[in-house]
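For reference, the structures are reproduced in the following blocks.
Both complexes shown next keep chain A, but they swap its partner, so chain B is in the first and chain C is in the second.
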Partner chain A sequence: MNNKMKKPALTLMTLSMVALALAACGSNNDNSASSDPSPSASASASASSTPAESPAPEAGSVKLKFYAQYSGVEIPVYDAAKEAMKQIMPEVDVEFEVAAQDDEQKIKTYAAAGSLPDIFFASSGLIETLKKSDNLYVMDDIVKANNIEALLNDSSKPMLWNKDGHSYSVPNVGQWAGIIYYNKELFEQNGVKVPTMYSEMLEAVKAFKAKDITPLAVFAKEKWPAALLLDMAIVGSGDVGGLKKLDNGEGNFSEDAFVKGSQKISELVAAGLISKNAFNTTADDAAAQFASGKAAMYVNGAWSMANIFEKLGDKVDIMYTPLADTAGSWNMSGGGFNQGFAVSKNSKKAEIAAKYAALFSIEFAKQRVIQLADPNSILVEKLVPTNGLNTIQQKYSDDSVNFKTMTTFAWGYENAKFKTFIEDNSQKLLSGQKTDDFISDSNKALETARK
Partner chain B sequence: MIFLLKRLTTRALTYGPLSLFLLVSLYPLIWLLFYSFKDNEEIFSTNVFGIPKHWRWENYSNAFDVFDIVGYFKNSLIVSIGTVVFTVILALMFSYAAARMKWRFANASRVYMTSGMFIPMQIILIPLLILERTLHLQNSYLAVIVPYVAFQLSFATIIFYAFFKSLPYEIEESAAIDGASVYTIFFKIMVPLVKPAIASVSIFVFLFAWNEFLVALIMISENTLKTLPLGLLYFQTQFGSDWGAMGAVMVISTIPTIIVYLLFSEQIEKALTVSSAVKG
Partner chain C sequence: MTTKQKYNLALLVFTVPTLLFFSVIVVFPILQTFQKSFFDWDGLTPATFIGFDNYVRLWGDDDFWVSIRNGLIFALVLVVYQIGIGTLLAIALSTKSLRGKKFFRTSYFVPVVLSGVVVSQLWIAIYNTDGGLINSLLSLFGFNYQQAWLSGEHSSIWAIAFSGAWHHLGIQLVLIYTAIKSIPEQLYEAATIDGAPFWKMHWKITVPLLSEAYKFCLIIAITGGLNAFQNMFVMTNGGPGNISYTLTFMMYKAAFRSGEYGYGSAAAAVLVLECLLFTILINKFVAREKINY
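Moving on, here comes the complex of A and B:
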């Protein structure tokens, strides 16, 4: 090689080596689900039926990918459930991948490309999508073989089954209600009556608006809180099915309760219910406004009780149905549905993954009670939270036995078109759209969604 | 007295807008620094713009304890440097060939290459994922480096092409007369002449790769390979986020981009004077 060529050639060689080194450094060495089933894994799959004939599977020999919300306060819950599962299925070792708050974009992309993780958290909306694309493992046999239903309390049993009669995931949390949290101190200081029904709510909104205090902190940057408020108003106006009824293919927006519910939201908005920035407000932002006393009330699910109590302590309390026509209603918005840890049908170890996911859900539910003081257990087994229940958790726990009916949160809607338009239209209503226009637009969209 | 007043007015008119500009330019960085020492209440409600009322150093200790910042930092560096190296080398060679050599499809190739700028990343995610899985690239550094390079080639090519076009042909003619080969001319003469362009492209490509989230989110599942933006997901739970700790991580992750900018900023300024390479 002549001298003129030496340097460029050496440079190219060096770069090639760098590329190879990078590829090698990052090469996927995991022998997880994509690898061939090991003998021990096969053994473990059949272990339940013929334990005496099969050799004991090697601990951790089956590696599974587990895509879930492994972050924040839930990390210890996942870790404890994983630890408990080592006693039940020692042959399985799961690697958690932190789920992104990306509106399920990553998991849907994986499904479209046929690359779903072995186990993943799936909302009911995602379950419907993945059912259509034949990506979900049907867990009926696993549920029956492991007697999962017997472990669940009566209110949680329905969540085990999809409306088509199959189970695609074992629920890991209970039927949370939609709640309006309120700052007791602000109500007392300003002489405002805590609303128990719609007319009092309207008065409270006007009173706080007059004092330049945001009546209700809503994180309308996300779309579901607007849908939840509308659902609360509809349920409170006499139709206990709320928006879920429409999602199920029944009724329309011209019915009395829907018109009345929409009018309630319009009236509250006109009275100054939300701040001007509500549509740029995130959940953390809204919680911070509420915690700092800039907002008198805050709408969210009951799952936020621990977080909110931590910030406000005894200053905070909860109300369930302040948009109802009369006081004392126990018809609730929110709820639960068949969602939880699902399994990819294409997993090389789908059966083991399904058993693991089903039993993991139970351990997860246990640890949520023990470690996070979840007052809404799905289990028959009575568990004691390590740190006890806080005031509002205790109140919710006591009151939840009175809940008569529930609807669902927006991510529980099964008709994807319905979910999209109702979230968009609820936001428009919350931003001041006239009731007549809302009813007319929503009825048109409803027709399209049902085609 | 009037003279002094005039002088003061002139200074105020000169330095006033400049100071305002400085403040507007620097405040986002200062704000990020402040916010890395606050909690959610201060960030969103009680003290959005001000100095932290209570300096929460625990946000930084969380960044190191809870969050594998060293690992994510290392991954981000490998991905970003890898992207810069491959993008610059490939774009330089292609641009030189398109701008200075005579071949049949030179112009068509250049248009084809630059058309990549008009393809949004979102629409190619699924085919890209299938392609990477087929090539066994998924969950490796190359899983993100290859698409990053592909996406940045268009931009880099445009910059380098313009620079190579602006250089006088006499440089290469002289070198050829002196017996230099194509490689010698390219590596020893032309590449040094476009160093300012290389610096500019390197900065932009580095920043892109350092901050990119979407492709990395889809292509990387292994915790050991995650980059800093992916690592930040650890601070986001389903119903809330620890913004103070995220701020601390962002402050730390901003440092390399500032260093890269400071290292190369002089070269960017020189980019404006590249045409003075040959005099007379």
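Moving on, here comes the complex of A and C:
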């Protein structure tokens, strides 16, 4: 081939390649469009053809990443909910990524890097953070279109809505209370009255300490149990808002209930409430200490009832407000607010992910009742647990209708600075810090947190 | 190309990639940290310039002073244990008459190869208030001194620092031991002929001749102490409260728990300056003259 022929031949070849490439791209686009089961695509398809002709979305054709606490007793719950969702949205296939127990660092890093998973569990605090940075998909339309609110019982409906009036996640579990478990046998053997109010609690602590039995097993290596105990003492001293009230920007630590609550904790600690080793004790260690009879009481959320009953059987019972001034108070500590499965605004399939997340939450709540005997279902539908409710779950289920107010656990605080300092400071109080120092330090930190 | 040009080219070929690599992974992040320390930033939303406010806040923050004090205590424990005890052990290991040297050398180095988490868990068990090794031994020997080693306001940082010192003793030991082995034998022979006692001989010959090795060991120990994080993260999570905080832990808390990346960056910037200050001081006052045998 001479030089004169080379140039047109090369031009022709280049043009042919470009044409082929364009044709290939076009063909790919067609394929992707046909496999895209997005509602808009489905809607236009159904508009132009009869239902019989419209091809059903291919099962598992939409892949979603789901960041969740897929571990421990909740694995079968997630698996069952995923299985149920195959009937409702067969086109979706989710891949679980196990959430790290890392103060939400990983999920925040995902957000900072712009690579949030399609669906993820978000606490109230995380919702506030991701809301500010415009990372959350607003689920209002999905919630309304799928009539989610009608599926929730009255006490759970508020959990669906953020304080700004929008929905960013559909709740997946009910509001647990923080409770104190106690070993009935140890109380009977040592002739100690089961406390129903603070003065009796103090007596019980002194009595067990005198017998060389740890009064309360607490896994204070984690920071939130110390905050929960302080919250219980504040709520029990007359301020039903507890620490949540301060998180909301109201009040300060110099108010009567806060001073009195702090004094109660100091007094209990001085009487020997916790083991000196409590700050190096993990949740498993504390549960083992309680189960083995080395500790008379154990503080945790109501969600651990199944686990504790399994270890102690009929020896265990629960008390709600032993740090209250008077007996019979139903103002509770613990709980939670708008939190559950949320969706990334930047998800390529955000609308499908939101629908899946909303419906998955309902299936998850169902399976929590069926498999783990949740005594505080969020659903209107009455479900029967496979193994029935154990004694303490039944008690909690019966009593929970009496709960008047509820605060929140530490992960429900919306002000991250407040959460951090209150966890540290309440741990210090539990380790024996003087009440005056605690009040003054906490007021100073509160001022900084509110700036 | 002249010889000088060839030399310069070779110099560029060998140094530029390394300098670029170092700049990208070390210098740039440090500069970026300094820059971020002047902002109010939660890591997700746009940052707001606030000048020196983060540094002013640090000055009035109780956590900051606790962190500085704990970092210095940690560094002190590393220096005393790793360099002090390390020197004694290295001298003992270099003594000809000692039997089983290989066994001891290996034994002292074993903790270094263990992960920090494993070592921390081991020491949590040793420090355990109820039935831990230390309290049990005290009780066994009749001392009524049962302590909550990791929860005590005054004992916690010392206990954690000791576990860190124990963990990395082997590295310093190897450095000092190697430096001792490089001291000419005839110096000891001369001292022996002059009738110098064993300890006096090492005090007058070994220790002064180790000054260059000590310079390096001191920098490792002090910056390691000021930077300490892993031990307290696993053993106490910084608590109870803030009693076992260090600047690194404070930085972690501010950035990842409170969502205050600007404030965390200010803590990190102070840490960098602190380490730099100690490195300069050590370089200025330790082994100023090169030793020639």
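We adopt the following convention: the second predicted complex is superposed on the first by the 396 of 451 C-alpha atoms of A that agree within 3 Å, B and C clash if a C-alpha of one lies under 4 Å from a C-alpha of the other, contacts with A are read in each partner's own complex, and residues count from 1 in each chain.
The rule is short, and it goes like this: a residue touches a chain if its C-beta (ideal position, glycine included) is under 8 Å from a C-beta of that chain, and two chains touch if they have at least 3 such contacts.
As the structure is a prediction and not an experimental result, all values here were calculated from the model.
Contacts of A:72 after superposition on the shared chain: chain B is touched, whereas chain C is not. More residues of chain A are in touch with B than with the other of chain B and chain C. By the touch criterion defined above, A:244 lies against neither chain B nor chain C after alignment on the C-alpha atoms of chain A. In the superposition on chain A, A:112 contacts both chain B and chain C. Contacts of A:448 after superposition: chain C is touched, whereas chain B is not reached. Using the contact criterion defined above for the overlaid structures, shared-chain residue A:366 touches neither chain B nor chain C, since it reaches no partner.
Applying the stated contact rule after C-alpha superposition, one finds that A:101 touches chain B and leaves chain C untouched.
Counting contacts as defined above, chain A residues 102, 105, 112 meet chain B in one complex and chain C in the other.
Against chain A, the residues of chain B that register as touching in their complex are 40-41, 43-46, 78, 82, 85-86, 89, 125-126, 129-130, 133, 136-143, 145, 180-181, 183-184, 186-187, 217-218, 221-223, 225, 233-243. If you check the complex, the residues on chain A that touch chain C are 102-103, 105, 108, 111-112, 129-130, 132-133, 135, 220-223, 275-280, 416-417, 419-420, 424-425, 427-428, 430-431, 433, 441, 448. Those residues of chain A that touch chain B in the complex are listed here as 4-5, 7-8, 11, 15, 18-19, 22-23, 25-28, 30, 65, 67, 69, 71-74, 95, 97-102, 105-106, 109-110, 112-115, 117, 282-285, 287-289, 291-292, 294, 300-301, 303-304, 307, 311. Only residues 42-45, 57, 62, 124, 127-130, 147-148, 150-151, 153, 235-243, 253, 256-260 of chain C touch chain A when the two sit together in their complex.
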